[in-house]
Amino acid sequence: MTLRVYLSGEIHTDWRDQITKAVTESGLDVDFDGPVTDHAASDDCGVAIMGPEDKKFWHDNKGANLNAIRTRMGIEKADIVVVRFGAQYKQWNAAFDAGYAAALGKSLIVMHQAEHQHALKEVDAAALAVVETPGQVVEILDYVLNGRLPG
Amino acid sequence: MTLRVYLSGEIHTDWRDQITKAVTESGLDVDFDGPVTDHAASDDCGVAIMGPEDKKFWHDNKGANLNAIRTRMGIEKADIVVVRFGAQYKQWNAAFDAGYAAALGKSLIVMHQAEHQHALKEVDAAALAVVETPGQVVEILDYVLNGRLPG
Amino acid sequence: MTLRVYLSGEIHTDWRDQITKAVTESGLDVDFDGPVTDHAASDDCGVAIMGPEDKKFWHDNKGANLNAIRTRMGIEKADIVVVRFGAQYKQWNAAFDAGYAAALGKSLIVMHQAEHQHALKEVDAAALAVVETPGQVVEILDYVLNGRLPG
Amino acid sequence: MTLRVYLSGEIHTDWRDQITKAVTESGLDVDFDGPVTDHAASDDCGVAIMGPEDKKFWHDNKGANLNAIRTRMGIEKADIVVVRFGAQYKQWNAAFDAGYAAALGKSLIVMHQAEHQHALKEVDAAALAVVETPGQVVEILDYVLNGRLPG
Amino acid sequence: MTLRVYLSGEIHTDWRDQITKAVTESGLDVDFDGPVTDHAASDDCGVAIMGPEDKKFWHDNKGANLNAIRTRMGIEKADIVVVRFGAQYKQWNAAFDAGYAAALGKSLIVMHQAEHQHALKEVDAAALAVVETPGQVVEILDYVLNGRLPG
Amino acid sequence: MTLRVYLSGEIHTDWRDQITKAVTESGLDVDFDGPVTDHAASDDCGVAIMGPEDKKFWHDNKGANLNAIRTRMGIEKADIVVVRFGAQYKQWNAAFDAGYAAALGKSLIVMHQAEHQHALKEVDAAALAVVETPGQVVEILDYVLNGRLPG
Amino acid sequence: MTLRVYLSGEIHTDWRDQITKAVTESGLDVDFDGPVTDHAASDDCGVAIMGPEDKKFWHDNKGANLNAIRTRMGIEKADIVVVRFGAQYKQWNAAFDAGYAAALGKSLIVMHQAEHQHALKEVDAAALAVVETPGQVVEILDYVLNGRLPG
Amino acid sequence: MTLRVYLSGEIHTDWRDQITKAVTESGLDVDFDGPVTDHAASDDCGVAIMGPEDKKFWHDNKGANLNAIRTRMGIEKADIVVVRFGAQYKQWNAAFDAGYAAALGKSLIVMHQAEHQHALKEVDAAALAVVETPGQVVEILDYVLNGRLPG
């Protein structure tokens, strides 16, 4: 069984690298997918390919729809969707992805620090696991695949 | 044709009342639904009915799951889901609802002030209409039902 | 059994009126739905409610998405979708609606003159009935509801 | 991640070859599918295999249904559906395919010249990207797969 | 709870009348639907409305597709689909309806005489009840609605 | 909003009556459905209508399939499925109903005494609310419909 | 593109062998599936594995349900379902499979001699191709895969 | 055709090993999946990875939700779900899995001793095969794949 895991949310820390590196080292059978994490490319992809816009709204609209090709496909094909909320920013697209995944019946893992617990209570309640660290995600993947627990 | 409209998101201003009042005055055939907007009840409903919890996480979990009975049913039965993002707070549950509605193929209307435009670009891109005021929502409902435009 | 029938396509002749009038006279139990047929309103609804655009593309985009709230809901709730192709114009939205209805498994009736037969062969092949006149649509509705044939 | 891309629409220019050649040269991981583009074979396949018809309608009906085996399967299995509208002809089957793909929730890319913008506004509004050239499609595929932007 | 029941299959005896009459007399809350049972109308409806055909195949094709508007809608909206196989004829459309209903997850009741048991074993195995008489169907409807057993 | 609630599980105490009576007294807008609760009728319905069987397995098979017409329809139409596990018996059909409801995405409320907590942990985890008394179910329905909390 | 083709229906002639042999010789990329065609095994599989039954009805029921594991899986995974009606027998399971495939939206090819045309009109009308010989099925598969026509 | 088989239920005997060993020896093309069968790990996985809980309810809730990632994915991807009920314990999760699989339309095989027949009648009625031994499951898999009967 190969697990398909989509890593959604925060793009300013290296949490995706931590997970994929640990999974590779553990030899777990996991295929990862996720959004484009180059912030500038993600913001400007629409106008870069389809031409400039005067209004910021349409500049962003073109980019967001282009990114949606990748993100929706990734979520729809995933067995597990991990959504990480970082320490700052609104991160509404992370919550949007979580809602999207929940409506599709995907197994949802939410990652965030304790300080955001109350604000994320609806998102957490839709999840099958709520964790704080990339290491815990790796432990979950190992358990789901092999029934192996840490320590 | 009776429209079923779910009003999701911000609960600290009277935007729902503005919409429902104007719709009633215009005689539009719309049934509205939405979350429980009594903040204290919404936060504490789980423990009030199913008993107290020591940990805030489970206190919130019980409440969020209980509220989910109402919110998911409301979104699933709606023809149109309106999601309003207010001036403050994280409002991740609003973005979660928007993602949930989008994945179900619901017609999505997003309402927010211009200052949040960039942060909401993915949510806006999933919407069929992006507006700033309750009055615009009423105009949309009037147009969808009757083909009538303002002015 | 009340039939829900969506009348899609050409908006420059009175074919919808002919059908609804004949159905009313015959006392058939049918609820009709269809797009906004006021051409100017349909073209300008987006900017009229959500503000003007410099580019024609976005002017049209706002309007088309707003109209989609009504047209998709109408098609999704319909038992039967009738799509009429008139004598002129590209009418790509009519063919789009036909494809949309076909993918949802709706019973599709296509109406057009003989001259368009070859160009519409894929659309016709997806239909359960291909007719030329509003009167034939009424006869079909009467047969489907009551097993009654003309003459 | 292998992308499955269905190339629908106009069959009189070499736009499919341009895309597939550029994708191959770039080493992108894409599987392409599309309709039979031999116009004569596409028109006559039904009677060639299942016997002649006196009426053009049934000649076309047999062919269109046979082609539907391939086109619907291709659209249903695709991650992305690209629909190109050329400079001439009614091309109702292209718009039909776009509607079919939209109803299935496929990521839709529409390609056409500026002159058709207004007539295609409903189709464009259902798309996640609207482009004019095969090169832009290739750039989109490269971005979706690798997050790489042109230039 | 109103039961929607579709009565498919044999049209040469009065089994539908027996069921609907007994249900009315018992005051059961059931809405019945079924195919057009006027054999001549059912055979000729297509050409009567849409014009004559030289070939029997297309004569029948037009009629069968027109009848499909009614039969598929009836089956799709039903809670229970009753399919009766009579003493004679091939009745492939009855078996087709049973397969159609089974694939949609409808509750299937099959009615036939003992002599057809072996030939109908696949159809019977897909059913939740296999009966011989209209009276047994009525007893089932009474039990499903009211928990009431005969005698 | 009328809630449709299916009351599954234990049939040897009057918990359904307690809920429906309290709901009626409170004037809540709820339609209840549930299995046939006459144990003897439920066990023997198959053979009573469709004839006797020598083997207990087929006696039970006929009855269970007949009851499935009612129970599956009830669960599929419900907004909320309440499943009660009583103090005794295996009650595998209650757990089966819970799994069936969960797979359909229904809002699940589970009711049982504390002593069964560990054995029911998978069922409880799939629920949006876990309660011990009929009164708590009524409080939940009142909250979901009216946002009203007890006391 | 590998086509998955399910070959349903008549088991007393070698039509399946003719198709698979010709497809192999032509090097077409097709995976075939179908029912168990050993008539005795198919009839007795249930009792052979799960023990004997006194009544023919349950003997057949056990076998038919066991065969359903294979046939439904085969139809559900198929891109194309070919259903052949032979010269004799009731063949209700063939018509059942056709209805099952149609309800799932599978591309349906029906094969039968001219003499059965009228009796099969509903089944034919649900098909995308109606043929008489195995050779025509092979020609269709070649055309769907390669756009190649016979001769 | 590779069969995907999910082995649900009782974890205190070696029935899974018996099946997988026999299938390997017979060279059958089957991929097996199932829950984590290490009882202690299964009970404690939640707290081991996500931190301890004072209340047994939440200890179990964390574990059950984590296990649900694996069990639901396994059932959803399976062609056949085998559910074994052992001689002791409540085994409500086994019945829950059976209901879950039934609602998804999976082919269900139930395994249990004769003594549980009456209590499992609803579960058995939803199954396509009811057996007592692992050997019978292997015989079924061999028949489904190869049409081969024992002896």
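Letters A, B, C, D, E, F, G and H mark the chains in the order given here, with residues in each chain numbered from 1 onward.
Throughout what follows, contacts are C-beta pairs under 8 Å (C-beta built on N, C-alpha and C of every residue); 3 or more make two chains touch, one makes a residue touch a chain.
Note that the coordinates shown come from a computational prediction; the quantities given were computed from them, not determined experimentally.
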{"item": "Copies chain C and chain E touch via same or different residues, half shared test", "value": "different"}
{"item": "Recurring contact interface, reference C-D, options A-H, B-F or F-H [over half identical by residue number]", "value": "F-H"}
{"item": "Comparison of F-H and B-C by number of C-beta pairs in contact, larger one", "value": "F-H"}
{"item": "Chain F-chain G separation of Cα centroids, rounded to whole Å", "value": "41"}
{"item": "Centre-of-Cα separation between chain G and chain E, whole angstrom", "value": "24"}
{"item": "Distance from chain H to chain D - Cα centre to Cα centre, in angstrom", "value": "44"}
{"item": "Where chain A and chain F are represented by their mean Cα positions, the distance between them in whole Å", "value": "37"}
{"item": "Sites on chain G at which at least two other chains make contact", "value": "65, 68, 130"}
{"item": "Touching residues (chain side chain G, partner chain H) in the complex", "value": "31, 33, 36-38, 41-42, 44-46, 48-50, 62, 65-66, 68-70, 72-74"}
{"item": "Touching residues (chain side chain C, partner chain E) in the complex", "value": "1, 79-80, 107, 128-131, 136, 139-140, 143-144, 147-151"}
{"item": "Chain D to chain C touching residues, read off their complex", "value": "56-57, 60-61, 63-65, 67-68, 71, 85, 89-104, 116-126, 130"}
